[in-house]
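Common to both upcoming complexes is subunit A, partnered first by subunit B, then by subunit C.
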Partner chain A sequence: MNENDLIEIKNLRVSFPLDEGTVQALDGIDLSIPKGKVIGIVGESGCGKSITARSILQIIPPPGKIDQGEILLRTKLGSMNDDEHIIDLAKLKPDSDLLRQIRWGEISMVFQEPMTSFSAYHSLGDQIMEALLMHKDVSKEEARQAAIEMLDRVGIPNAAVRLNQFPHEFSGGMRQRAMIGMALICNPSMLIADEPTTSLDVTIQAQMLDLMKDLRRDFGSSIMFITHNLGVIAQIADEVSIMYLGKIVEQGTTMDIFHDQKHPYTSSLVEAIPKISDARKKRLTTIRGSVPSPFERPSGCPFHNRCPKMMPGVCDVKVPTPIDFGNGHKAACLLYE
Partner chain B sequence: MPGDDQLLLEVKNLKKYFPIRRGAFGTVKKTVKAVDRVSFFIKKGETFGLVGESGSGKTTTGRLILRAMEPTEGEVIYHLEDREPFDLMKLSKKELWEFRRYSQMIFQDPYSSLNPRMTVRDIVAEPLIATKALQKEAVTQRIRETAKKCQVSIEFLRRYPHAFSGGQRQRIGIARALVLNPPFIVCDEPVSALDVSIQAQILNLLNDLQEELDLTYLFIAHDLSVVEHICDRVGVMYLGRLFEMATTRDLFFSPRHPYTEALMSAIPAADPSIIMEPIKLTGEIPSPINPPEGCSFHPRCRYAQPICSQSIPEWKEYSPEHFAACHFAGELELKGAFK
Partner chain C sequence: MAKYALRRFITMVVMLVALSLIVFVILELPPGDFAERYVHDLRQSGAQVTYGQVEYYRHMLGLDRPWPERYLNWATNIVTRFDFGWSLTYRLPVTKVIGDRIWFTIILSVVTIGASYLIAIPLGIYSAIKQYSTGDYLLTILGYLGMATPAFLFALLLLYVSTMYFGTSVGGLYSLEFQNAPWSWNKFIDLMRHIWPAVIVLGTSGAASTLRTMRATMLDEKNQLYVTVARAKGVPENKLIQKYPVRAALNPIVSTIGWELATIVSGSPITATVLSLPDIGPIFLKSLTNQDIYLSGTILLIYSCLTIVGTFVSDILLAMLDPRIRYGGIE
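Entry: the complex of A and B
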């Protein structure tokens, strides 16, 4: 594991055994999350973004399970002498004490719908303080002060008063901020944000992106940012992984992904977004068909039946392996083999 | 203002106030001004966009101008090819029924707007059957033609919609809207729930259909890049009010309203070499039950002066076809979207 990496995922495979057959949700994911960086995860719905995130915390919905692979985390938690060590999260029991400590204390997660993070029956302040009291050795009064400071920090006006209000008394944007506040209250090394701005209006979305950039700067946290919005990714991420049918098909710096794509899927995605100042009503580049059903995984390259550069007899037969283009830029496409 | 011959419809002073019932006897205490004194026009053959934060009144406006919902007040004058101009709000029930063949709607979530127990054919045929627009023999022919135009394959007609992907379901929704050959379609967030690759397919389809069939669209969306791509002119709503209306180019690159400027600055550029500087709007979006006095944007506006909290700015045309409701729309030098 590289010195600068907080997390390294190696050959992660996750499946859902269902009555209709087995869904291979993740088909061998390799992904590093460096300290203090924002890693963007992009792809169409169903490609495995959320399951990747949920695997890290072992909160995969049943009957999903990790079949293979490692999720290495560099942490002080669970270490005898308070030094950093490396543990494999995939080997921990989902309900183990260590994993529970890691869940808020080291890695926290925010979701698209903030109501899934909050209980409707307790004041927002109580819930945020609870998270802190459970993981840190602080008094109730200290927890209260910390919660007020955090709400203030994430831009909630009049924090001392709002602390006593219930989640439904907040607007969508404010709830989203409060959720981020709660996620950060224990000063985690990593924040996982799963489509956190998808349901927000552009002005609020822009504020959230600003907030995340500040947090990375001020706390040095790593952020795993999941979205299908390429505009958002271009503005927030340092590095990007593009997923398709449970695989990472390309990864690189944000510049590489937007200006020097190697994988035809990445190029197609970038070309399919309408860009401001395009000639109006010009035809957009499309990707033919749609993502195949998880029960009908194509042979060879998973993208071959939609790919504009598909080579018959090659792409439908051979499974591509990632090719290294230098500087961490990789793509799994047979054009380069 | 364009001449009457160019217009499809004119909306004048449209209002929709929803009563909020509270208390044991369900007495009306307050109202939500979902749409308040809105005036605009849509030209024949164009795509007119409506943008604004959620809850700003876009869907309500779309429904009102089809009279899918009764307004509190206001006129919607239609100029249809084969008829004298008329106010939709004055039509009788029976006349309104006949009007259905001139306009239809497409929705965001094609799944929830499709009945899972109906086959694709029944779904597409429903408006035809309901309005008795065609003889029985002609129905099948029309359905096949419409399906083909909308890229719904003929084999799908016998199947049920739940088996289809989001893109296919949206095509079915479009076919249903087009089966009566209406000249005007209200598209309410038709691509908001779709992945980019499918969004591109649907936007191309809507453009092709518009060219082929001479359609006019009202296009409601919150993704400003999509709106910039597909719309000829755009209106911006905030708390039930129309704040600005202009050609897409003017609105995006020479806005006159401070709220439009803030929206434009917040569009995330799909290019990491463009550094965004979004204008921070302070405070929360006010409640539509209790909108601020004067200009409803004043508590969040960085250009606000004392007059802004005292009087409601007039809806005025500042340059040809460029309308705005801001006390300083004639003076401010505002920044547009990045190019």
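Entry: the complex of A and C
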């Protein structure tokens, strides 16, 4: 594991044994998250972005399970002499004390749906303070003060009063702000943001991104930013991984992904971004077909049946392996083999 | 919250007044009255009765007054003197006729409901958390059996088993020495000792359906995002289940407490008969056929009171449970 990496995921495989058959949600993911960087994870719905994130905290919805692979975390938690050591999260039991300490203590998460992320039956303050009381040795009053400061920090006016209010008294944008506040209250070393702006309108989206950029500067946490919106990625990410059907097909710096893509899928995604300059001249480019059913994975390269550069007899037979283009830029495409 | 409770309380009182009026009017609706009925019975037994006598009885009993006047009298006496009128059949004050029986009925109902919630709610939670486990399947089978078995059949079975195999009768509710004793703490304890067969019989189907409801709502709630968020926060599993999904899943159960109470009180006369429970069911039936208007009116009033009070209690509990209801009620 590289010295600068906070998390390294190696060959992670997650499957869902369902009545209709087994869905291979993650098919061998390799991903590292350096300290203090923002890593964007991009892909269409159902490609395994959220499952990757949830695997880290072991909160995959049942009956999903990790079959294979390692999720290495560099942490001081669970170490005898308070030194940093490396823990394989995939090996920890979901209800083990160490994993519970790591959840929110080291890695916290903001979810896509601010409307359902909070329990309607408990005040916002109760739920935010719960996180702090669970992980830090603080009194109730201190937790309360910290929660008020945090709400203030994420831009909720009149925080001391708002703290006692219930989720239904907040708008979606306000709830997501509170969620981000709750995620940062234990000062975690990594924040997972699972499409945190998708269900918000565009102006609120922009505010959220500004907020996250500020917070990243102030708290220095790594961020794993999951989205299907490349425009958002361009604004916030340092490095990007493109996922397709449970695999990472290309990864590199944001520069590489936008200006020097290697994989045809990445190129198609980038071309599909609407540009104001061509609005009148041509139709929006789309990717042919749709994501295949999870029960019918294509043979060979999973993208071959939608790929504009598909090579018959090669792409539908051979499984591509990632090729290194230098400086961490990798793509798994048979065009380069 | 206090304001909300007060408002609901006032509504409840208004409802009660309206109900007492409706009850009285409904009882007035059938043709004939107690005097006619009484004279008819006298004739049947061979006595010579003239029409003048009907008028005489009617006047004596005050039945010739217009109904609004009689209603007002009845209602005023209830409020000022807790006097529910005179039972024409039993020739006793209504309070005397119902007396012990109503207390017994209420104790039985409250104990039954309490016991069935205490047992069914934890089992429902267990069943949902361990969905598709052996325990869950077992509870599911028991739940369906409990819901599908008629209470009186269950009562018969229990009577049969206890007499055949244990040599004791589960019928009857007091030891001999307390049979006709006035209410006291010792009598209450004695009652608790004998009450359990009745509680089992009356409570089983309610408990079974509570179990199924709890299981279903828990299954809905336990995979909600806010539960996952709590898990991601590192909240221990046991604490998490109690704090989040259980709280939400209690909602439909709490909101039906009102009907539950009245259902059990007015419950099943057949079961009461089988277990020879000193219930008010049989008296109610008799008072209706005799057009014993104050007695039947009082019992009807008690039944509706229980529904209204039960609904009031569940409204208050719901407001305590769910902030959205609390605030909606005030604004």
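A few remarks follow.
Everything below uses one rule, namely that the second predicted complex is superposed on the first by the 333 of 337 C-alpha atoms of A that agree within 3 Å, B and C clash if a C-alpha of one lies under 4 Å from a C-alpha of the other, contacts with A are read in each partner's own complex, and residues count from 1 in each chain.
One rule holds for everything that comes next: contacts are C-beta pairs under 8 Å (C-beta built on N, C-alpha and C of every residue); 3 or more make two chains touch, one makes a residue touch a chain.
Bear in mind the structure is a predicted one, so any value in this text is a computation, not a measurement.
Superimposing the complexes on subunit A yields a three-chain arrangement in which subunit B and subunit C fit side by side.
Of the two partner chains placed around the shared chain by superposition, neither subunit B nor subunit C is touched by A:Val317.
Contacts of A:Leu18 after superposition on the shared chain: neither subunit B nor subunit C is touched.
When the two structures are aligned on the shared chain, A:Val270 is found in touch with subunit B, with no touch to subunit C. Contacts of A:Asp210 after superposition: subunit B is touched, whereas subunit C is not reached. Legend: residue contacts after superposition of the two complexes on their common chain; A:Phe166 is shown touching subunit C, with no touch to subunit B.
A count of residues in subunit A touched by subunit B and by subunit C gives the higher number to B. Contacts of A:Phe258 after superposition on the shared chain: subunit B is touched, whereas subunit C is not.
No C-alpha atom of subunit B lies closer than 8 Å to any C-alpha atom of subunit C in the overlay.
No residue of subunit A touches both subunit B in one complex and subunit C in the other.
Here subunit A touches subunit B in the complex through residues 44-45, 157, 171-174, 201-207, 209-210, 228-232, 234-235, 237, 254-255, 258-259, 268-270, 272-278, 280-287, 290-291, going by the rule given at the top. Looking at the complex, you find that subunit C touches subunit A at residues 223-226, 228-237, 243-244, 247-248, 321-324, 327. On subunit B, the positions that touch subunit A within their shared complex are 53-54, 165-168, 195-201, 203-204, 207, 222, 224-226, 228-232, 248, 252, 262-263, 265-274, 276, 278, 280-281, 283-285, 337-339. In the complex of the two chains, the subunit A residues touching subunit C come out as 57, 59, 61-62, 95, 100-105, 108-109, 111, 113, 116-123, 127, 130-131, 134-135, 166, 168-169, 182.
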